[in-house]
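In what comes next, subunit A is part of two complexes: it sits with subunit B in the first one and with subunit C in the second one.
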Partner chain A sequence: MTFDWLVVWNNIGALLDGVKVTIFLAVATMAIAVPGGILLAVMRISGIRVLSAIATAFTELFRNVPLILVIYMAYYELPVMSGLSASPLVTGLIALSLNVSAYNGETFRAGIASIRKSQSEAAYALGMSPWQAFRIVVLPQAIKRVLPVLASTWISLFKDTSLVSVISVGELSYAATRVRAQTFRVLEVLTAMAAIYWVLGYPQAKLVDWINHRWGRAE
Partner chain B sequence: MEFDWSPVLDNASFLLGGLELTLALSLCSVVMSLLVGTAIGLLRHYGPRPLQLAIAFYVDSMRAIPVLVVLVWTYFALPILTGAVLPPFWAALVALTVHIAAYVAEIVRAGVSSIRKGQLWAASALGMSLWQALRTVILPQAVVRMLPAFGSVISIAIKDTAIASVIAVPEYMNRSQTVAGQTFHPIEIFTVAVAVYFLILFPVTRIVDFAYGRLAHLGRS
Partner chain C sequence: MTTASETSQRKAQGTTPVVSYSGVIKRFGAVTVLTGVSMEVRKGEVVCLIGPSGSGKSTLLRCTNGLERIDGGEILLDGQLLPSDGKGLRLMRRRMGMVFQNFELFPHKTALENVVVGPVTVLGISRDEAVERATALLAKVGLSDRAGNYPSQLSGGQQQRVAIARALAMEPEVMLFDEPTSALDPETVGEVLAVMKRLAEEGMTMLVVTHEMAFARRVSDWVVVMDKGAIIEQGPPQQIYDAPQVARTKEFLSHLGWAG
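Coming up: the complex of A and B.
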């Protein structure tokens, strides 16, 4: 058995291009899913039946269906529903955002619920409107409190971006699949892919531990 | 938009065969992950220092590497290294267990370390061995505390079996893709798939939550 690790080095450019797309997908998804999650949480606690029912249905649906299926659904459904043909990258981004928004919605809901009611009441007593009280008093504390959970979600998201390779988005695992097909060096390329994910993900996992240690609340 | 559900009905037995495999793979992965993960978690907490460090490295590595990568590596790369070719189902079971056991290990470690140390000391003072203390004092309380986290792990494991479709395990996701490709009715096929997975996953998480609600008092000390 001979290994040819030079293959990895010769194709490092293609793999690093994949890394760029992976990072872009993770960042862009989080940028959409944090506001999306806050919106869902606000809908859930709004007290308006219709809104909270929609948010609940959305959350339960996307938390109880495999992400890979959501990705396929988005791939086939979006062009039919919107009449537009979105690029695989945009389709993948939408599918990931739907999934992560559902998780963030639950996270923010728990975070907001953990801020004592007397804080809003004190804000009302100072003459703030409910929206002001929420925005100025409750939300900043809730965000701080859910930071460790958001960090864990980030790690999951970073790994889950690999799933959009099934609709040919050119992120790291898709790039590795192509290099593998071109070079026939299966072991070397797949090991390199795993190693690259490890190098990117390991420090992040450690950082999450630190954030948990620093800001996490023991119950 | 016109829907035609006949492709789903025409291929019902083919899809049901996939569903069977999804359930089998889910059950096997969950059981294996819980067993292996519990052993690893206990070793990380009570084992010798070098072993603890090695396990910590394994757990953090699994947190860093996507399950898709573990699956693909186990199926395509491992046979080159070892010469032993695993059929897709077994490769998927090995990969999912290796990945999910790491999460279980963390949960077990957190659960066990949440039981106050005084309890272990008290058990030791009564002449119990570590194993006896674990079995009769620590674990019965810790397991109840771990229930909600186990619930999420079971849900994650079932969802992860769908990713095994990429290494051609003919489970429900894989068969849905096949039927979608053959009939050109992907929307109907995948809509049914969403319903199928939802109907499996939603009750699982609810049952675990319900059980925890009933048993939570047993975990208090």
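Coming up: the complex of A and C.
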């Protein structure tokens, strides 16, 4: 068996374009799913039954349906149901955001619940409103506490962005698949793809370890 | 419970009490923890609430600023009824400072920021003014050099002194202390009691739940003894500690090894 690694080098431009899209998707999804997760958590603990029910339904739907199915549904059903058509990139971003928001919502809810009640009481004793106590005292502590979990979610998300290749979003997996189809060099391209994901992912995983070490300990 | 001669010894005679409780009832489920408590805290007074664990002292204190909602009776601040919740309650709370047993400083904020946050967010005063006020208060509790430290970098006694400064920053009419030294190492109890004593000498109205009998004996103007959700005796410290009128008071004090 002979290898032709030149194939990878000759197509490096296409692969790097894919990397750019992968990074964009991961960053944009997190930028939506962090506020989205906080919003879901706030809705669930609001004590307002309608809001809480909506947030629960959302969370349980998108946490328990395979992500790839959410991507297909966003691609095929969303335009029909909403009457709007979005590009594959935006559609993929929506699907990823729905999924990660659901996870982040649970993460933030657990983080908020872990802050002891007496912290809110100290805020109330100063005369703060429930919203001020939440925003100024509880949420910052909760975010700090769930940072390691958010970091793990980020790592999963970074790899899961590959799933949107099924709707032809030009991220790394899709770019690699096209190179593979044009050159028939399956092993070389798959190996290159794995290497690129690993090179990108490993420093992030190390960073997560560091975050765990730095902030993961109890107060 | 209180004879006329004892009453006449109290401070601020004839003025509206800063805090007044009448027939306060509090239940937790089927358990009645306050069975109709009536008492007063007068301007400039240091009132100590003592009694065995579970007697309702802390609950009464927590009802005072609405952290616990009462099930009967009423609590007045300067003659105004304490609302059970909402904006009205918040307006009353900012007039009362509270110090917790476990300090409850905000761990993500420095000592200075802990003292600054109340005045800025609740009273709406400018940040510069709040920082100036907080700096002066940290100096007052002897922690000028700790302004930039986070609570986790401070000893228990230092944390509690920051908590006192945080409460004072709201310029309250009355300070509520909920067993402020119970969670402290013995060697840091003194520094917190010293700060409280100085506050008392400056004329701050204080309601203190405490097991520090020596402090109550020396610093308080009025001592209230609670047992099983009721006040069993109250009077000036000389009476409570030297000549208790109620057998249960005597018994409680002797359990603590108080020999007068």
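To be clear about the criterion, the second predicted complex is superposed on the first by the 216 of 219 C-alpha atoms of A that agree within 3 Å, B and C clash if a C-alpha of one lies under 4 Å from a C-alpha of the other, contacts with A are read in each partner's own complex, and residues count from 1 in each chain.
Everything that follows uses one rule, which is that a contact is a pair of C-beta atoms (placed from the backbone, for glycine too) under 8 Å apart; a residue touches a chain by one contact, two chains touch by 3 or more.
The shown structure was predicted, so the numbers you read here are calculated from the model rather than taken from an experiment.
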Ask   = Touching A:Ile155, do we find subunit B (first), subunit C (second), both, or neither?
value = first
Query = Where does A:Ile136 make contact in the superposed view: on subunit B (first), on subunit C (second), on both, or on neither?
reply = second
First (subunit B), second (subunit C), both or neither touched by A:Ile68 = first
Ask   = Can A:Thr191 be said to touch subunit B (first), subunit C (second), both, or neither?
value = first
Inquiry  = For A:Leu6, using the defined touch cut-off, is the partner it touches subunit B, subunit C, both, or neither? Pick first, second, both or neither.
reply    = neither
Task = Between subunit B and subunit C, pick out the one touching the greater number of residues of subunit A.
result = B
Inquiry  = Contacts for A:Gly127 in the overlay, against subunit B (first) and subunit C (second): which applies, first, second, both or neither?
reply    = second
Partner chain in contact with A:Ala53 - subunit B first, subunit C second, else both or neither = neither
Message = Tell me the contact category for A:Lys206 with respect to subunit B and subunit C: first, second, both or neither.
response = first
Contact footprint of subunit C on subunit A as seen in their complex = 118-119, 121-129, 132, 136-137, 140-141, 144, 219
Ask   = In their complex, what parts of subunit A are in touch with subunit B?
value = 1, 60-61, 64-69, 72-73, 76-77, 80, 155, 159-163, 165-166, 173, 180, 186-187, 190-191, 193-194, 197-198, 200-202, 204-206
Subunit A partner contacts - residues on subunit B that touch it in the complex = 1, 60-61, 63-70, 72-73, 76-77, 80-81, 155, 158-163, 165-166, 173, 177, 180, 186-187, 190-191, 193-194, 197-198, 201-202, 205
Inquiry  = Using the touch definition from the top, list the residues of subunit C that touch subunit A in their complex.
reply    = 65-67, 87, 90-91, 93-94, 96-98, 100, 102, 104-108, 117-118, 121-123, 152, 166-167, 170
